[in-house]
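The letters A, B and C name the chains in turn, as written, and every chain counts its residues from 1.
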Amino acid sequence: MPTQQLDQHGCLKHFLTIEGLPRHLLHSIMDQADVLLGRDDQIINKAPLLSGKTVIQIFFEDSTRTRTTFEIAAKNLSANVVNFNVRTSSTSKGEHLLDTLRNLEAMHADLFVVRHPQSGAAHFIAGQVKPHIAVVNAGDGRHAHPTQAMLDMLTIRRHKGDRFPELRVAIVGDILHSRVARSQIHALNILGAAEVRVVAPKTLLPVHVEKLGVHAFNNMEEALQDVDVVMMLRLQKERMEAALLPSERAFYTAYGLTRARLALAKPDAIVMHPGPINRGVEIASDVADGPQSVILHQVSYGVAVRMAVLGLLGKKEKRGSDAC
Amino acid sequence: MPTQQLDQHGCLKHFLTIEGLPRHLLHSIMDQADVLLGRDDQIINKAPLLSGKTVIQIFFEDSTRTRTTFEIAAKNLSANVVNFNVRTSSTSKGEHLLDTLRNLEAMHADLFVVRHPQSGAAHFIAGQVKPHIAVVNAGDGRHAHPTQAMLDMLTIRRHKGDRFPELRVAIVGDILHSRVARSQIHALNILGAAEVRVVAPKTLLPVHVEKLGVHAFNNMEEALQDVDVVMMLRLQKERMEAALLPSERAFYTAYGLTRARLALAKPDAIVMHPGPINRGVEIASDVADGPQSVILHQVSYGVAVRMAVLGLLGKKEKRGSDAC
Amino acid sequence: MPTQQLDQHGCLKHFLTIEGLPRHLLHSIMDQADVLLGRDDQIINKAPLLSGKTVIQIFFEDSTRTRTTFEIAAKNLSANVVNFNVRTSSTSKGEHLLDTLRNLEAMHADLFVVRHPQSGAAHFIAGQVKPHIAVVNAGDGRHAHPTQAMLDMLTIRRHKGDRFPELRVAIVGDILHSRVARSQIHALNILGAAEVRVVAPKTLLPVHVEKLGVHAFNNMEEALQDVDVVMMLRLQKERMEAALLPSERAFYTAYGLTRARLALAKPDAIVMHPGPINRGVEIASDVADGPQSVILHQVSYGVAVRMAVLGLLGKKEKRGSDAC
């Protein structure tokens, strides 16, 4: 059954959300990324899969880091990369978003990497572009950040092996507003994780969060018992201003990942964070830099995962019905 | 007879203005662009004509769209492209323009793509650079925007065939301040168009505009009678502020391209616009998106035309006296 | 004896400062740059030495010109170049510098080109990065600007021949705050220049400047007697504001390089300036543009020297113990 991001053969047309993707596809992306990575997590394989292709990065929201990793990934595949700054373009002078998109696709783009502050923006754009263009969601509102979730899954798989059904994972922080958390939850459930726990004060948990297939905790100590993976989220300062949180200090006291708390998890539990980290706000410095932290591995795998996704999508035009 | 943009063999040294170029050269550029374009107007041919060459985009005036199309065109030809932001450079700190240029050429640039708010800036720069450097005018003041005119001509030729002597063309909008209109008029006359009409209120028409080889109209309905091509211009809001126009509303009432007005043109007339369009200001949405609109084709051809021009200029150093 | 920038075989690991480098290494860099340059000072040799490598330019201080020359140099060597704008990144939102660096290196960078307003920043960064990453100092505070000094040395060698022990050089301007002067002085002494003179009002000379191996002058006329090379520095307007200088006018009267003053130097003396020049502040226009000026040659050699340095560092991973 074809969806907006899968064609009738189950091949990837766009990469918009983790939700609804088959398990084998997630593993296939991770397999591709594994092939690209050598020891020391260095990229050892830079096939010119996107040679002659044009990748336009359309960022409606600033994110130097995400833009940079996509840029490095695309250039590693020999793509021509163009950064389109929406703020200084005609769009900011009142041009309709759709007109901007139509113009960019008319410039012979092959792939759009899109970041947008509104949920659903990437889906909307994918629904509008011509058939030969592939859209990658680099984060849309509170909705999804699927390449982040894929690099997180790869990080787990490379550190824990391919045994998701045995793993307990805790995701800690502002679940309510986090597109990262939403994509992580979908990915972990698709991969069959034994248990996904979400940990936050009630003001930062969605209502009926259990329907996402998770167990909700308000108590950090309880939540960390026996988990294999602790995934911290970045605390957005805006939340404090919106009175959803009393203070950074209070958050750290209740939910900050300290060494003492980490000791409640399994001894070989790994600590993850999508970055940039707020030291002393959601995570203690000695934990972020400690032996269980795999935070920088995540960044390295992020380039490989984005290469894998861009590479798969770059084959869109050519592929027949037999293989993706 | 050599000119500033043609050498003694009639070959292109710079691309500064349409004025004074021979007809065969315009067709030659269009021929090259045709070779690059396949069906669906996609670029099918990306010869590495500028491999190892450095293209510096020197923009004294913001134009994300024009800069992006040149960047894509140059990268399609395998050039190294560097965007030089004049605003954040020493030039903005008081360095003389000529010193900036001398420095950029000393950095082993091969091509300069120049956008400048002052008329004549591109000619001035072309008169100053070393012989091996080619200058492309990406728009200078009210003077010229020659690659825009070439993509417009290609759009006409691909939709109407090579039969300019049979075509009536109306250019509608702020003729007085428009470098686009000026370059279009020169191109259409060189290609031998049957008639070029310019349509605007008197305040937005140059005095003695007929000397450019056009027929002037103040009445939109009259002007559109039996034309094959309608070329709309973008209305600059600054004109309203300068009291040259009463209001957007009044302009649209008198000169906006609506379906009813378009019906006055030939049934197969095409509608063009250099973009970005102001929906409901100079053009109705249903016309911009309608079956006669070729606005997005213009954008696609724009990349091909710029590749053709850059490719011709990139051969500057090597070519002998026999061929361009 | 290995240092921070040389390994145990005397090969370049980083390029941070001229101080302490062996003479043969400076000549080796110049030799490489010479190979790249043809007649007319054009780059004739663009070997893909950095193909598949990622160069990240991390600029904590704006410098369009230096960034552009490094970008052109790296692209000439087929590197993937990414400009990381620290001002719009998470670093500006409070992320620790080290976390930013760790993230950038985790993105599979091979070379960092770093510009920073604080002295010692490049050394600090080089001390922190993983072994496979090479750091190039593109200017740090008042400390060093080693590629500028190398292009200056190449300019002297190409114009005067390899006879530094016969040459008298005067460096004129704000010696106290100039990283350019500091690197020039080290380079000239290592290459065995006959005499290095520094010329400035007392407020702009370091205390005990003679310990750097120079002769200090407060009188411009005296200092220029019989010199072979006059190296002017750019006057920073901030110095006037800091009351270290009475006025631009007063500086020009006492230290501006005019034709009359230049006549005191040897008849074939060359005039250099790191750019951008302040015409009529530290140098007369007719001298800057005159027959003895080699200012634009410096810019051209700058690209070649940066290609040479990046090329040497790019071989870091592969090289054995026998050759650099």
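Quick note on the criterion: contacts are C-beta pairs under 8 Å (C-beta built on N, C-alpha and C of every residue); 3 or more make two chains touch, one makes a residue touch a chain.
Since this is a predicted model, take the numbers as computed values, not measurements.
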Angle (degrees, nearest 5) of the CA superposition of chain A onto chain B: 120
Chain copies touching (chain A, chain C) - same or different residues, decided at half shared: different
Using the average of all C-alpha atoms in each chain as its centre, how far is it in Å between chain A and chain C? 41
In chain A, which residues are in touch with two or more of the other chains? none
Listed in rising order, the residues of chain B that touch chain A in the complex are 40-43, 46, 62, 64-65, 68-69, 71-72, 75-76, 275-279, 296-297, 299-300, 302-303
Contacts from chain A onto chain B in the complex sit at residues 52, 54, 56, 80, 82, 84-85, 88-90, 93-96, 99-100, 102-104, 106-109, 132
